[in-house]
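By written order: A, B, C, D, E and F. Residues from 1 in each chain.
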Amino acid sequence: MEYRIIKSPSQGTLDILNRRKGSGNTSPIGPVDAVGLIQGRIIEMVCAADVAEKAVGVTVEDIKGSCPQNMIMLAIFGDTASVEAAMEEIKQREKRGTEEW
Amino acid sequence: MEYRIIKSPSQGTLDILNRRKGSGNTSPIGPVDAVGLIQGRIIEMVCAADVAEKAVGVTVEDIKGSCPQNMIMLAIFGDTASVEAAMEEIKQREKRGTEEW
Amino acid sequence: MEYRIIKSPSQGTLDILNRRKGSGNTSPIGPVDAVGLIQGRIIEMVCAADVAEKAVGVTVEDIKGSCPQNMIMLAIFGDTASVEAAMEEIKQREKRGTEEW
Amino acid sequence: MEYRIIKSPSQGTLDILNRRKGSGNTSPIGPVDAVGLIQGRIIEMVCAADVAEKAVGVTVEDIKGSCPQNMIMLAIFGDTASVEAAMEEIKQREKRGTEEW
Amino acid sequence: MEYRIIKSPSQGTLDILNRRKGSGNTSPIGPVDAVGLIQGRIIEMVCAADVAEKAVGVTVEDIKGSCPQNMIMLAIFGDTASVEAAMEEIKQREKRGTEEW
Amino acid sequence: MEYRIIKSPSQGTLDILNRRKGSGNTSPIGPVDAVGLIQGRIIEMVCAADVAEKAVGVTVEDIKGSCPQNMIMLAIFGDTASVEAAMEEIKQREKRGTEEW
């Protein structure tokens, strides 16, 4: 899995993410402090999404990749500390390397 | 084949899976104890689906991947023990490595 | 090419195959004794389909893969002996390795 | 490039090819003596199509692969001798390995 | 990531880019001094887009690749100096190799 | 990048290219002396298209590949000398290997 954090993402960057999120573009994510990005295979992304969903203070969206139904990237929106905490938790789970998440 | 188990999956995670399941989103899977995920090539997934379908206490769904008709992931929903039993059975079959499943 | 045989396939497995067959879902394949699966590149699948079509006692369907028009898997439906005979014939042809099928 | 010839192709095999040909399914190819199949990258397939189009006694169709607009396979329909001659001509051109076809 | 700059792009080249940009073809980009192109994986492209969006004097567009929702290329339109400055900034960020952009 | 030239392309070959060109099939390219084909990644193809657009006596079209919005091949139509000159110019640019085209 690969990880990136963008602090104070520009509106154009949010537009790109909003156009591609799995839940549709009807309720776009507004200005946020930070957005965390995680890229990987679909089985890993579902697990990472569950970890992030259970974290506090963040909104999780799967971002469509090379085809409409393909989820190869997660975006985690929120204040910087919450996004970093959610990302850290996912890294810890990945490091453990167990089947159970 | 790769295997993952998510215990007490969050609603957001179920939403992601429901949006992608092959049987459509009209009868979404509700809260479950656990969800098992298996990723592999289509020929393996059809065999694994059949093993899981014949297990008790679980619901099996093929999850669409990079294009609408592509099945690269199975999700097995149910109580934790049943999901683990179905996953174990599939692993045994894979280990035998025979053509006949 | 890869080969698998599922004996007494469950209804859920037949549903997955019926949703993806190239001839459409209007005349679904009903309960069968066995289903043979063959996965490969499109040029090999067309040749294998022709061998299976000429075998007796089986129904052949191309199963759509990662995109609607993609055929990467064949399913051969029928009684166990007929499916096994058709699969064996395809393996013999593949082993000969000639251009002519 | 890869080459295969199917002699006396079954109706089911022609149906599979007719469902996927680039010119649409409105004027399906009927029973033929033989069908030659060539698989390769798109740039090679366009060149091979041109060689086959200039051969006598054959009908050339591009067969859609993993997505509607993808041409990864050519089918050359006709009597056995004509199909073999067209295939041989394409192999000769490929062997020369020049940019000009 | 890979980088290219086209100076005084032709109208045909702008047409190709306008047909593929993520924000749609309703407000096409007109004649510009230069266009910078960056190709990479989706996680890198989102980060690069954010850097370019925060640069001055340029317009950033994600260019659809092999499927409608796929972003594998960014195009940065503007006067030559501004495009070069934005590209240079992205290269510096890439070189630092940190998770935070 | 890969290069091919077809002299006196057949009508069937032009039909294949016309069905796939990015500008649509409404104004098909008619009989031409020669067609040059170039295959590569999208970032290279945009640059090559710009070089060809600035050459004289040729018409440039991007040919859709494995999905509708994917451009993996350029076709350059015109008299043989003009097509060869445009192809040569693109090769020279590729050989220089600089970011600026």
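The rule is short, and it goes like this: contacts are C-beta pairs under 8 Å (C-beta built on N, C-alpha and C of every residue); 3 or more make two chains touch, one makes a residue touch a chain.
Listed by chain with UniProt protein names: A, B, C, D, E, F = Microcompartments protein.
As the structure is a prediction and not an experimental result, all values here were calculated from the model.
Path length between subunit A and subunit F in the touching-chain graph (shortest route): 2.
Comparing the CA-atom centres of all chains against that of subunit E, the greatest distance is found for C. Where subunit C touches subunit D, the two copies mostly use different residue numbers: shared numbers make up under half of all numbers in play. A separation of 39 Å divides the Cα centre of subunit D from that of subunit E.
Averaging C-alpha coordinates per chain places the centre of subunit D 23 Å away from that of subunit F.
Within subunit D, contacts with two or more other chains are made by residues 65-68, 70, 72.
With chains as nodes and touching pairs as edges, the resulting graph is a single ring in which every chain has exactly two contacts. Taken in ring order from subunit A, whose neighbour in the chosen direction is subunit B, the chains follow as A, B, C, D, F, E.
Within the complex formed with subunit C, the residues of subunit B that make contact are 22-23, 41-44, 46-47, 49-50, 53-54, 60, 62, 65-71, 99-101. In the complex of the two chains, the subunit C residues touching subunit B come out as 2-7, 9-13, 15-17, 19-20, 37-39, 63-68, 70, 72-73.
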